[in-house]
Amino acid sequence: MPISLGELATRFGCDLDGDPDILVNSVAALINASPDSLSFLSNPKLKKQLSATQAAAVLLRAEDADECPVAALISKDPYATYARMAALLHPSPEVIAGIHASAVIAATAKVASSAQIDALVFIGERTFIGERVYVGPGCVIGPDCKIGDDSRFIANVTLPRQVQVGKRGLFHPGAVIGGDGFGNANTAEGWVKVPQVGGVRIGDDVEIGSNTTVDCGAIGDTVIEDGVHIDNLCQIAHNAVIGAHTAMAGACGVSGSAVIGKRCMFGGQSGTVDHIRICDDVVISGRAMITRNITEPGMYASHFPSEEIDSWNKKVARFRRLDGLYERVRKLEKGEK
Amino acid sequence: MPISLGELATRFGCDLDGDPDILVNSVAALINASPDSLSFLSNPKLKKQLSATQAAAVLLRAEDADECPVAALISKDPYATYARMAALLHPSPEVIAGIHASAVIAATAKVASSAQIDALVFIGERTFIGERVYVGPGCVIGPDCKIGDDSRFIANVTLPRQVQVGKRGLFHPGAVIGGDGFGNANTAEGWVKVPQVGGVRIGDDVEIGSNTTVDCGAIGDTVIEDGVHIDNLCQIAHNAVIGAHTAMAGACGVSGSAVIGKRCMFGGQSGTVDHIRICDDVVISGRAMITRNITEPGMYASHFPSEEIDSWNKKVARFRRLDGLYERVRKLEKGEK
Amino acid sequence: MPISLGELATRFGCDLDGDPDILVNSVAALINASPDSLSFLSNPKLKKQLSATQAAAVLLRAEDADECPVAALISKDPYATYARMAALLHPSPEVIAGIHASAVIAATAKVASSAQIDALVFIGERTFIGERVYVGPGCVIGPDCKIGDDSRFIANVTLPRQVQVGKRGLFHPGAVIGGDGFGNANTAEGWVKVPQVGGVRIGDDVEIGSNTTVDCGAIGDTVIEDGVHIDNLCQIAHNAVIGAHTAMAGACGVSGSAVIGKRCMFGGQSGTVDHIRICDDVVISGRAMITRNITEPGMYASHFPSEEIDSWNKKVARFRRLDGLYERVRKLEKGEK
């Protein structure tokens, strides 16, 4: 569905420098855009790509407009405006109300008439599926779940039981929400499993990445607040709380009962110990390991950049002998040799 | 099913300080327990929550009983006793014998008549499913597997082929047991895949977390011994051996042919190199990387706690210049400047 | 299907020291081989196992042949030759053309008549499945995918949409190829999701491990070139490019728009930041974190081997006080105390 630049400018509050009747039907990167696509310039490093673009129009900041060889849509925040325009040009697939013949729906489950239950889906007892929800092929939504309106489960997502999801949730393939937490009591006869009797409560506008796991609470619920975005292969342990609008990149681990503040950002492969508290507006650098409470907003890190291995190994050897170096300095200070 | 405190005390060998006829029907945390629930106090940090609890009874140590405002069940190990009582109050869902009409069972598979095969399950050729086994929606148990009595596969678990599972196993959603190990021979024409012809042997009372992967052996089997508990998103590579009653937190990686002892504990995001041996009773701290054999029980680590990023980066810069510092100290020792 | 040593020698260009009529029907490790199996010796550490082997024959280098107590097949690269012989003795399961009655195939999908679509599979609109492709139980191959000849999807693999796969691909259970990348624009009202409109292009002879995730591109495609092998639980973010014949061990993370060269090797749990470039023939050590472009072939690292925790913690404490040590050395150099 092509849209005119004039309509885009009006809808999204941009200034337009160009012909308002030009039509675009897709988005594309500056370097490989075609004359029917919209591109954008947000990252200053890509500015050199602007002059050669073949796009119909480019969304950019006012200060970059002079160098735009095609129509310019001017925005204070071109990346956010791009996100919204792209959603208009590339909408999510339409939800087609109905239940596929191959889906298995428990007798006491309730599915809103506007929801789409796709092929080979399982819906458990007492589960409620809201309006316009999409449940894709192979998903398992077990008993006692409640799914808010307009949420989407792409494919092969598993909610074993007792998960509440708000509105407009987006769950990518392989995500497991509400599996057992890891609780075991150590005894002379080995581990005794601690039954995990809590559930998971997920707010509105939450996105959970592919193959990410969010465990149910041991007692009480694990909580993901509104607007949280979690990337792939992350682990959120039992009874963790992830504050609203926090974003977490791939392969992060949040341990049990950790309480993460609002608007935090976690870099990839970072992790926390259990029962920790992190205040609002904290940025965790990639690969950081958080072992103590964080009470001040800011950026935190504990990674080492890699280098050529011989040089690295020498540094590690130095590090391992630091004790001796301290001792040698102490001797020097005392005037000894 | 409500249970009296008197019956709990008798069954689990606790002293009861309170009315034996009081009934409980669930477990709850101290701070949000209701008058029909049982709570427990094990972690000393939570003792301050004891005085205000609304629980019917609290399971605790003798030395904490005086301060308990409600009935007290006294145990030397309240956490382990809690685990057992919780299992009684919150039993696993009943296994309802039968095969769902949508399940696909290969002609030569054998399913015990007391087992439950739920919706949309696939069972492969020559596979044997034992008594009272539960196979949840979407699970794939491929050919040549043998599943011991009372094991449970929650949902969307995959055993592609040739996996033996003992009794009372518990497999969480998305777990993959018996996928190919990672073996490739380097040649001038690129990698040649080494066929992975082994299987996986899993003992009794083993729990495998959501989206964890356990590879089949390259030649011979990968082995998980009795009573092992593995959390989510862990990777157990081909021909690894995990000793009995070892527990592993989320996102750990055990490399190929590693042999891990009995009763070990692995903190989250830790890992080992391949062909390593770790003796019994070793505790690996979170994020540790094990690169050499461990022959003595104890606790091992290699993580750096994170801190504010500017301060961290200064330390890393110091670390990177350690060579120079050693040189300067050497000069000082020689009386040079 | 037993094969004679003579035939193996001829087919794979080995010298045979032994009876060419001896038959083998399987491969086995030196220590537990039976008289109808073929073993191999490649790792010098295993040479001591040679003398006691019960194998019918051992594949090994010329210099080890003298000590072989049974028939010897002599190869310059016994591991690669073993890989090829093992593939002959243990072929992948035969692909049996046809579509299982429980599979759900969209009206506009095209499935080659020689392909096998197993039970409970979903194939989406406009998707094309090539000759002799195997799609195992529970797999979801969504709309607009194109699967090259002889590729195999073992079980519960998910390709949500718009993925092109070359010939002879091998996809292990739980892998998710083409899930949304992680793109969000930060605004005063919270994160605005950036639609991920690209796809994934995968070359020939690519293997993707269990529960690994490869995201679709934000704009344009994520690319995995020919002959790449990726182990379990890895994350390949949007618009990354993985060069031909690169191999990646378990739990690695490649961030968005990273460009990885050809013939690279990544050790387990290693990772990169986004928009990075790594040249051809780079070896990344396990757990390394790559934060800058690598322009020279070689081996790179940033891990610390673990040690006993008290000793480790002392070293970390020393590290944290390095600033002070530098200061003390500076004072000594100035002749101060």
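The letters A, B and C name the chains in turn, as written, and every chain counts its residues from 1.
Quick note on the criterion: contacts are C-beta pairs under 8 Å (C-beta built on N, C-alpha and C of every residue); 3 or more make two chains touch, one makes a residue touch a chain.
Everything numeric here is computed off the predicted structure, so don't read it as measured data.
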**Q.** Contacts common to chain A and chain B (chain labels)
**A.** C
Q. Is the contact between chain A and chain C built from the same residue numbers on each copy (over half shared) or from different ones (under half shared)?
A. different
Q. How many angstrom lie between the CA centroids of chain A and chain C, rounded to a whole number?
A. 25
Q.
Could you pull out the residues of chain C that touch at least 2 other chains?
A. 102, 120, 138, 156, 174, 211, 233, 251, 269, 304-305, 319, 322, 325, 329, 332
Q. Touching chain B in the complex: which residues of chain C?
A. 26-29, 32, 77, 79-80, 82-84, 86-87, 90, 100, 102, 118-120, 136-138, 154-156, 170, 172-174, 205, 207, 209-211, 226-227, 229, 231-233, 244-245, 247, 249-251, 268-269, 286-287, 303-309, 312-313, 316, 319-320, 322-323, 325-326, 329, 332-333
(Q) Applying the document's contact rule, which stretches of chain B touch chain C when the two form their complex? (A) 102, 104, 120, 122, 138, 140, 142, 156, 158, 160, 174, 176, 179-180, 182-187, 190-195, 197, 211, 213, 215, 219-220, 233, 235, 237, 251, 253, 255, 269, 271, 273, 284-285, 288-292, 296, 298-302, 304-305, 314-315, 318-319, 322, 325, 328-329, 332, 337
